[in-house]
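The following pair of complexes shares a single chain, subunit A, combined with subunit B in the former and subunit C in the latter.
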Partner chain A sequence: MASDVHSKGVTWDTSNGNLTPVEHLPNSRSESPTPGLVEGTEPGAGQERAMFVHTQSFEDLTADVELTGSRLSEIEEVEEEKEEEQQQGGGGGTGETGGGAEGVEEPKQEVHAVVREKEEDHVFVLSEAGKPIYTRYGSEEALSTTMGVMMALVSFVEANKNVILSIHADGLRVVFLRKSPLVLVCVSRTGQSDSELWRELHYVYYQILSLLTLPQLQRVFQQRQSYDLRRLLSGSERVTAGLLRLLETDAGLMLNATMSLPLCGTTRNIVCTSLQAASSKNLVFSILLAGDRLVALIRKKEQHLHHTDLHLLSNLAASSSSFRQGEGWTPVCLPKFNASGFFHAHISYFEPASDLCLILVSTDREDFFNLSDCKQRFLERLKKRNAYQTLKEALHSPTYPVSQVGIPELWHFIYKSKSSGLYTSPELPVPYHTEEEQERLMDLYQYLHSRLHHLTRPLRSIYRCTNTENLLAWSTSGFELYLCFSPLATKALAMSAVTKLLKWIRKEEDRLFILNSLTY
Partner chain B sequence: MMSYPVAPPVLLCGVSKTKSQTILFNLLIEHQPTEDKFCFFHPERPTMTAMRVDAKVVMLGKESVGKTSLVERYVHHRFLVGPYQNTIGAAFVAKSINVGNKVITLGIWDTAGSERYEAMSRIYYRGARAAIVCYDLTDNSSFQRARFWVKELQTFEEHCKIYLCGTKNDLVEGDRSARQVDYHDVQDFVEEIGAQHFETSSKTGNNVDALFLKVAEDFSNSAFEFLPEEKGVNLDQKKNSYIYTCCHH
Partner chain C sequence: MYLIKGMPIRLLQGRTNELQTHLNADDQSKNGFWNTGKTFGPREGEEEKKILFYHPCEVEKNEKIRNVGLCEAIVQFTRTFCPTKPAKSLHTQKNRQFFHEPEESFWMVMVVRNPMIEKPNKDGKPPTIEYQEDEILDSVYGAVLQQCYSMYKLFNGTFIRTFEAGGVELLIQKLEKFFYRYIQTLHLQSCDLLDVFGGLSFFPLDKMTYLKIQSFVNRVEESLSLVKYTAFLYNDQLIWSGLEQDDMRILYKYLTTSLFPRHTEPELAGRDSPLRPEVTGNLLHYGRFLTGPANLKDPETKFRFPKIFVNTEDSYEELHLIVYKAMSAAVCFMINASVELTREFCEQLDALVGPQLTLLASDICEQYNINKRISGPEKEPQFKFIYFNHMNLAEKSTIHMRKTASVSLTSVHPDLIKILGDINSDFARVDADEEIIVKAMTDYWVVGKKSDQRELYVILNQKNANLIEVNDEVKRLCAAVQ
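So, the complex of A and B:
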């Protein structure tokens, strides 16, 4: 469970105190009953220090788990009442809009947007004044009455010194996240747990912070409560949409981990050391990505990147084609690292059509040409050592077939090494070639994940049989493993597969993981 | 193209450490998560790499007027059809252009139009020799926004030449009623502020090369004029001119 996930020997306190906020540093760590699988010795574990901040699943939620646990019963009662009220409120809202002179088309859109056919989560962001800020579907204007009702629900419960967490009704979950000065709401039919939905909302919240920083966000609303935040967020719709898409398809966001690009050890070494050499005074992180996969990450001494921040950065780089045409230079806040300030990111693709993207994060807003120079030096060094071509070739096979492992009936797996914060996963085999099937598998993994990391009743392992596949999930202090077998597999086979798979990953860890965490 | 020596770092430090620069800098800094607030290298420092910039050109204007498309047309000679994509922050691209018998490298900063970046837009236009302020010929509000940028430039960058550019000319050529910004109104405004005026279409490429050629020509003609009166006024420009002259003698 969450509390297992702490590192050995990682320095949390940074000499440079103003860079990293200190409050959410974990300090407890539990003993593992299986010594061979203790964190730090599992396959894929980093050899020296971890490059990422160690994270827990649902770490944002675990902080107030006690609070929610004790209040749960109380809140549920309140929720029952709310449901009815919401239905009434929603109906009333529709009527109002329909009566308006301008909103002839709007009511339909509103109803359609709230009660959607599509099996995707609907996400709303509103201000404390009930003003719409973001909606995943439909337009904010058309949904302003709905959002008004949402805000009414939140403040009604708050008036009784309580917090509304979620509403469960008729296969529908409405989950609320209160992050002053914002309120985030997710409406889901997919049967995901509340924790999964909170995680999504947290990501949307961090996305907004990464564009504005927390002080700016607070200041704007302090000055004027009814401020229309859409003005400041305009142009970020694609970024947020991309992020929500990733949340549904990318296991890394679920696991709080990053997948690295499979690359032979020597090439990775050259890439890492070349990137390390191309440093500059104010550089904090150098990140080389191949699509959504990490190729190399170099960081300033004592500074650790958080997965959330990395996912936000890689989503940002992927969501505008302008980075492919020139060199991008943009202020960006890494909310998990420090929500109160901007870093400045130099984002560029190596070739317009290539997936290789270099992100250089600096503290100095005037650093553009220095970083541009760093990129050139890195590229020259790579070419001189003949690694550029190898790297480009590795991009052609960014993944591997599961057959390489040699376990019969095994269709797919996800293995996360907790101490390195990296995970590996083979390509999706035949049954999962359509997008719907991929999402279905992802939903299954999410279900297993939320069972393993249940806030009050966590599990160590879970085996689940369905008509279409058999699944096994196992969490130790060292790793998390999710296996997907054909329906013909048995539990005994699945158990023996784990050992075999771990051995295989150990053998291949050089290629599948980034074992050295380099600093400048 | 001639190869230029890289200016010694001593000179560069001297340039940006002066008082005026520092004051400007402190004004700009709000949430820097670092104690290191001074820039020791000039932002337009010519690097050892292929890129060496003579003139900084900045694209300004309301979002979705077509700044990126304009740069895309000029630099890559293409017009991308597809869903609109916002620029994030700013994108930099360098492009060389022949003016007479000289080669001028324009460093073009394509900025994002979103209001979010307004507070930091100054880092993008500081020291710019030319600003291409774009507005959409079919959107009157974008012209109001262009007026804002002109005022901003006149206040903070008095040496920056302004080029007003009406975009999406192809839309108004096909349908006169689509035009929301009158040509003569803009012409009057342009004469009043002493700027240049272009109407372009990135889709057809109409007038795009002419616009950037004019920018480069004006820079080339003014590069020498600037030198004597530049002392201590705008250090960005002084340094460029210095390298420029010493290499051409």
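So, the complex of A and C:
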């Protein structure tokens, strides 16, 4: 296999240096990170089967959610009674039942003042009757006329058996996403491409599905077209706001990948096996998160989690402070897994002040005490094997400085292993310490990403040289790499950096990636 | 395979008086369809009056009103978010609509159909049609629409002047007369980055010959004091122009894509071919009029020349356009339209310019051949490029083999040219100098460089080259272009 790898048309200078393979790696893993790397052998590739549903970059995002029969037969199909969905567990609050985020009614202000001034993307959700469901800024009431016009435009174009996609003006884009019975609209000034904005809208759509499921959403509007969906979504505003914020700052949502917490191999092994041992009959996924980093993921055999679903879950856990106080128990639909049914998630933080969060996803709505018990068993096992303390220490350094890689002029990078669906990225260095600069860098990455994955004219690689930074993006069948250099970097340096970086990642892959995908 | 088949254009206007244009093309016949509309006061039931021109005109009235209404709605809707920057395009699954407001409250709209792929279905069901929503470049067709207006303005002046002179009726009449013909000459399939630049191709010349030409122009302008502006072209490339840049660029477009090609066919025809024009004037020179009188000897000949409008922003001049050609050299003389041009004047011009221009043309030809011999036989280079200078509008392309009236033939895959367009749009978003190097899925390297008001785009055929080699190649080319 390795020889096969090397014979591929190598376009970038790569020296097959004396990279020592990590001891316990099977020989099939390529010793040298050459560009021709076959998927599954790139640095960071999972050892056995992947733990995630395999996703390329966007294409699968835009695919419609499946409604045909649940992949997991035990999933509880949606039932009529919505009230049952929010069962109370232990001493914990539930998700976001009409919490503090609700009803921050802004006074009726000049509509467009709200719309115009914001630099971030403005997102609207409306029903087919033109009724406001969600607006990122301002109040739905104040913007209801604008939303009415949006719906009028959508249906006018549809009357001609056509679909409205977007409107472009200088420095402004309005992008429409039609997901019957909803219409989602994004108004952006950031210069992002249409596909990037559609991705945002898809996420918002999935967020709504995760609260309602698709059949329930459809039924509500079948029964009454003018239904005010805000009644069912009330309390979720903070979750949606968190999600939109994440879309602007987290590369994982752009890449369809997840970042794992850097952790030494032995500790990760203990954590994974302890989590694996703490199983229960109806458990489908056990997910241990440190903030937005994945620490461990255990899944039922043959079941795969989709990145979108994981991001929705992690955002849900992060957006509500109530999970920090005790154990939470909430129904949740994982729209990419199955848009027609609810799972039940047990969400709890280990300590109120810590970022360690455990999410246990079960098919049984009566499973709360079982899962609570799972959590206890997991914790005890961790403590017994002295891993809990190590884990907590690892939280203090959830990231690493780019200087560890030892490449001059390299400011930042993102490396995604396609087969494992995980990515790694160092902390943001000095030029990107303000929020503004971080968003600018994220915009640059999004630009590179949308050019690489252009729907009709995809590219192998792109190098962009500006006054403020030099950027290089490269996509192969095995990985995607985005590099950001200082403006002083040369092309020769950038090319040698690629080789060096891939070697470094191979050396560190044990720590940076989760190489074993365990099942119960 | 696909072709861009459709193209509707409309023209509409804002609050009090509105004008709307609509251009479209029918699939089979490829007749474009336009409509231009203009109204006063959006009164109920009067919407149709907004429409000054709509192509194709056979579209049913209510449908015209609906289509134009959508454009107005989009423009208004976008204003609520950004009052200063109007909507430029609307993307839908089936088509793209481009909006342009060339004069206050006059709107032109062009609709370009997205390419389609037909996917056959089993069981005798009709094939599924898939629209390719990402094929069309906004920058290219936005520029084509602006060019439509510029061309109209060159021959008809501004909308508002016409309106003031003869009301809506005159404006509608002029729009119909001009666009009916012009739409058929728009070849939307072959539009690309060069339409975004709309540049001028300059003829490379040594100093001596250049001075000869300049002194020729000065002499003629001195002898024929009526001449206000002169432009000199050789081989469809510009050498000298007295016009403002923006006026010259649209006149150049007209000359090279419309007037010259119409006259080259007869020249290329054999001696005995009926296409070949009879040798007119005297045999002492090869000069002849491309506009105005076809034969000076013919007593029936009319001495009418096309009129053009230049400097419409300030002095608003209306001029006669005389184009006179000897062999490969062509000269444009522009004379104030208020002067009536007579047989005597044309004979004087023919006698004065004909012999000199013939001589000059053969001089240039000789010089050109010497230069070519010095530079050696041309090898097929490893790269193709497009160069454009924003300062003097100079453009140069080795990607386009020959620009003709109908199609501009290109020597590279259309997708690569679209990648050039993508890079150009990236450049347009920032003011600063930038460089972008990409590797396409076909392994071609494509390089874009923007520096100091100039843009250079290169397609390299060296598929196995690495980034550094590509960079070196482009550096060498840059040195050569400058």
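As a working rule, the second predicted complex is superposed on the first by the 428 of 520 C-alpha atoms of A that agree within 3 Å, B and C clash if a C-alpha of one lies under 4 Å from a C-alpha of the other, contacts with A are read in each partner's own complex, and residues count from 1 in each chain.
Definition applied: contacts are C-beta pairs under 8 Å (C-beta built on N, C-alpha and C of every residue); 3 or more make two chains touch, one makes a residue touch a chain.
Being a predicted model, the structure only gives us computed values, none of them experimental.
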Subunit B versus subunit C as contact partner of A:Leu232, first or second or both or neither: first
First (subunit B), second (subunit C), both or neither touched by A:Val405: neither
First (subunit B), second (subunit C), both or neither touched by A:Ala492: second
First (subunit B), second (subunit C), both or neither touched by A:Leu395: neither
Which superposed partner A:Ala241 touches (first subunit B, second subunit C, both, neither): neither
Subunit B versus subunit C as contact partner of A:His168, first or second or both or neither: second
Partner chain in contact with A:Pro458 - subunit B first, subunit C second, else both or neither: second
Shared subunit A surface residues [contacts with subunit B and with subunit C]: none
Touch list for subunit B against partner subunit A, complex: 28-29, 31-36, 39, 41-45, 47-51, 63, 68, 71-72, 75-76, 80, 85-93, 108, 110, 112-117, 120, 123
Parts of subunit A lying in touch with subunit B, wherever the complex brings them together: 18-19, 211-213, 215-216, 231-236, 238-239, 281-282, 316, 319-323, 325-332, 338, 340-343, 345, 363-366, 368-370, 372-373, 376
For the subunit C and subunit A complex, residues of the former touching the latter: 66, 70, 73-74, 77-78, 80-82, 85-95, 132-135, 138, 415, 418-419, 422, 426, 429-430, 432-441, 443, 464, 466-468, 471
Complex contact set, residues of subunit A against subunit C: 9, 11-13, 111-112, 115-116, 146, 149-150, 152-153, 156-157, 162-172, 174, 187, 191, 194, 447, 451, 454-467, 491-492, 494-495
